[in-house]
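Order as written gives the chain letters A, B, C, D, E and F; numbering starts at 1 within each chain.
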Amino acid sequence: MDTTKTERFNKGWDKLKEIDGQAGVNVIESLKDVSPDLAKYTIEYPFGDVYSRDILDNRTKEIAVVAALAAMGNVEPQLKVHINAALNVGVTSEEISEIMILMSVYAGFPSALNGTLALKDVLKERASQD
Amino acid sequence: MDTTKTERFNKGWDKLKEIDGQAGVNVIESLKDVSPDLAKYTIEYPFGDVYSRDILDNRTKEIAVVAALAAMGNVEPQLKVHINAALNVGVTSEEISEIMILMSVYAGFPSALNGTLALKDVLKERASQD
Amino acid sequence: MDTTKTERFNKGWDKLKEIDGQAGVNVIESLKDVSPDLAKYTIEYPFGDVYSRDILDNRTKEIAVVAALAAMGNVEPQLKVHINAALNVGVTSEEISEIMILMSVYAGFPSALNGTLALKDVLKERASQD
Amino acid sequence: MDTTKTERFNKGWDKLKEIDGQAGVNVIESLKDVSPDLAKYTIEYPFGDVYSRDILDNRTKEIAVVAALAAMGNVEPQLKVHINAALNVGVTSEEISEIMILMSVYAGFPSALNGTLALKDVLKERASQD
Amino acid sequence: MDTTKTERFNKGWDKLKEIDGQAGVNVIESLKDVSPDLAKYTIEYPFGDVYSRDILDNRTKEIAVVAALAAMGNVEPQLKVHINAALNVGVTSEEISEIMILMSVYAGFPSALNGTLALKDVLKERASQD
Amino acid sequence: MDTTKTERFNKGWDKLKEIDGQAGVNVIESLKDVSPDLAKYTIEYPFGDVYSRDILDNRTKEIAVVAALAAMGNVEPQLKVHINAALNVGVTSEEISEIMILMSVYAGFPSALNGTLALKDVLKERASQD
């Protein structure tokens, strides 16, 4: 039983590192002392179950998630993690800008501007890490 | 000047019909008496300007928009219009289900369930129109 | 003590009837059996305290409230009550349409469209009551 | 592997029936043809994992969930399911009214009114089923 | 008349200090120059009227409010004030973590993660004040 | 064609500077490298089309927009830009406080408090620039 939980966990942990890289690992680390169970669930359900599905490819998944988080407008840390993830799996920064332009229509210009500035921040951070 | 406004308008009107089909035309019709200017702007900016851009293809645009509207959770009529639009441009119903599964992670299970039931409604309406 | 609570209540009740008319009275009636205390608070705080202030006039208050409720996008019954209230205190339907056009910028086109269609419904109901 | 997935599933399915009763079963049924995997995940993660935890008792869980769904204001079907669930596990209708009064402070009077009217609807449905 | 307004105010002020402690007093202080009337209303309605009700005990109230604010996801300062308040009235940090795990289901993992990190911040601040 | 696009752009650019002043220009500048097209659209649609309409005067427009952004509660940078804009077109700080008191009713006290503190920040920044 515990062993199989470990299977979803292990699959999730690998998926999280593949897609979110160090930013994702940092999120999990930050949770470990205050809520180890939420850390475990975050690995198991979003990554072990959902991200491990293969009907949508990684690019498509991240495009959908970046659009959703930008539209919600109240989860900036996660938006930045997923802008990073999108760039990691081959979405270009031009395509992410394009998603934000779409969001100006559906969630309004403020969310589109804030999403675009989040992209700008992520690009700057990535440039400084090269 | 008016002629060129007509250019964005005409481009937008064609794009709206291409992507949203009759459902989109119905939205515009419903606005005409109460707010002809919002009808005009809806054609010009979202469709004439934004949807006419070609960095993302129609499939990718609709995937992003369906994800965003499902995550927002408070715009069901527009979610249905865009589930229809997504199906029109070649996104499969299986892929739309998949977006809703992703949304269970980011916007919670209630939004994912409601988005999935919106898909179910749209599929039923389309089946009844064949 | 009870007497003075009655003062805020009475002032609120008069204000509610002045601004919202029968639609507001109906809301209070619908609450009375399930939550008489929420009914009382709704009269006392929003109407007895807040709406009775005179720094903004009634027109300006309703313009602000209609904009806010349309932007929130998840409180359609209250949006309709306040579109009615706005019309009652002299905001024109053309001005309310204009607020919705503004909201297309700040909260996105779906909220603007739904707000405009709510206005259309209210205008139809009022026409049928003449 | 599949067997253990069945363990979380079975635990979740029992929990769902214990807490949500027929309303919860209906939600799962409604998903089955359009998204059997979301149906499965809904049983496994929210019920098999989360609701099966025992740090908070069922009453406390439902009080938290009803408050959250009322505050979000855009997920009425789920709010009703959880008002039912709260009543099933011993939260009184007076206590649910009280949560809505609290929400008037934190999410505004419109969400509090709509939450209270959702409670009224649920009470009426339950009375008609006796 | 003024005397009785003072009664609600005084009851509210005592309640605010009892539940929110210094964090609550600081909020009121920060409002005093820019909006003394909102400061007054914040004491009178949320604390003098609502928090002074006794159908739910303080623990239950704070559990409902913390869940709601975490689910809303856009009011972090108030979430921290109420995490503090919850701890003040005897909710344990383990129980607050548990609420956030529940919120991963209803409002999504981003809100649950941000709520858990808000708890972590509050615990650190409280530890540094001992 | 391009010339006429320039007409909407020029009208929008003048309007943006008239209403938002330097804060608005800074937003556009910040977008220029990461998304020049969103910068262009922000000038053309919100300012060239919408703000250039004359059914509502500038004061009324800003009152509606400040109310909406405060109610949404997740777009603080834009709320501050528009509190500035409101002050620029003659809305008094007392009137803006009043809008926030109204929002305590419709969007809850947390949004009203955060909106009032945003006003306080803007007033301090303006005082320091004299």
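Rule of thumb we're sticking to: contacts are C-beta pairs under 8 Å (C-beta built on N, C-alpha and C of every residue); 3 or more make two chains touch, one makes a residue touch a chain.
Only a predicted model underlies this, so the values are computations on that prediction, with no experimental measurement involved.
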Problem - Chains in simultaneous contact with chain C and chain F - result: A, B, D, E
Exercise for the section: Among D-E, A-F or B-F, find the interface that matches C-F: by residue number, over half of the contact pairs should be common to both. Expected result: D-E
Practice task
Give the label of the chain whose average Cα location is farthest from that of chain A.
Solution key: C
Exercise for the section: Compare the two sides of the chain C and chain D interface and say whether they are made mostly of the same residue numbers, over half shared, or of different ones. Expected result: different
Completion exercise
By C-beta contact count, B-D versus B-E, the higher one is B-D
Problem - Distance from the mean Cα position of chain C to that of chain A, given in whole angstrom - result: 40
Completion exercise
Per the C-alpha means, the centres of chain C and chain E lie apart by a whole-Å value of 28
Exercise for the section: Using mean C-alpha positions as chain centres, tell me how far chain A is from chain E in Å, no decimals. Expected result: 30
Exercise for the section: Could you check chain D for residues that touch two or more other chains and list them? Expected result: 37, 41, 45-46, 50, 53, 69, 72-75, 78, 101, 103-111
Practice task
Report the residues of chain E in contact with chain B in the complex, numbered from low to high.
Solution key: 104-111
Problem - chain E residues touching chain D - in the complex, by the definition given at the top - result: 45-46, 50, 53, 55-56, 60-61, 63-72, 75, 78, 94-95, 98-99, 101-107
Practice task
Provide the residue numbers of chain A that touch chain D in the complex, in ascending order.
Solution key: 1, 4-5, 7, 37, 41, 44-45, 49-50, 53
Problem - Complex contacts: residues of chain A adjacent to chain F - result: 72-74, 93, 97, 100-101, 104, 108-114, 116-117, 119-120, 123
Completion exercise
In their shared complex, chain F is touched by residues of chain E numbered 27, 30-31, 33-35, 37-38, 41-42, 45-46, 69, 72-75, 77-78
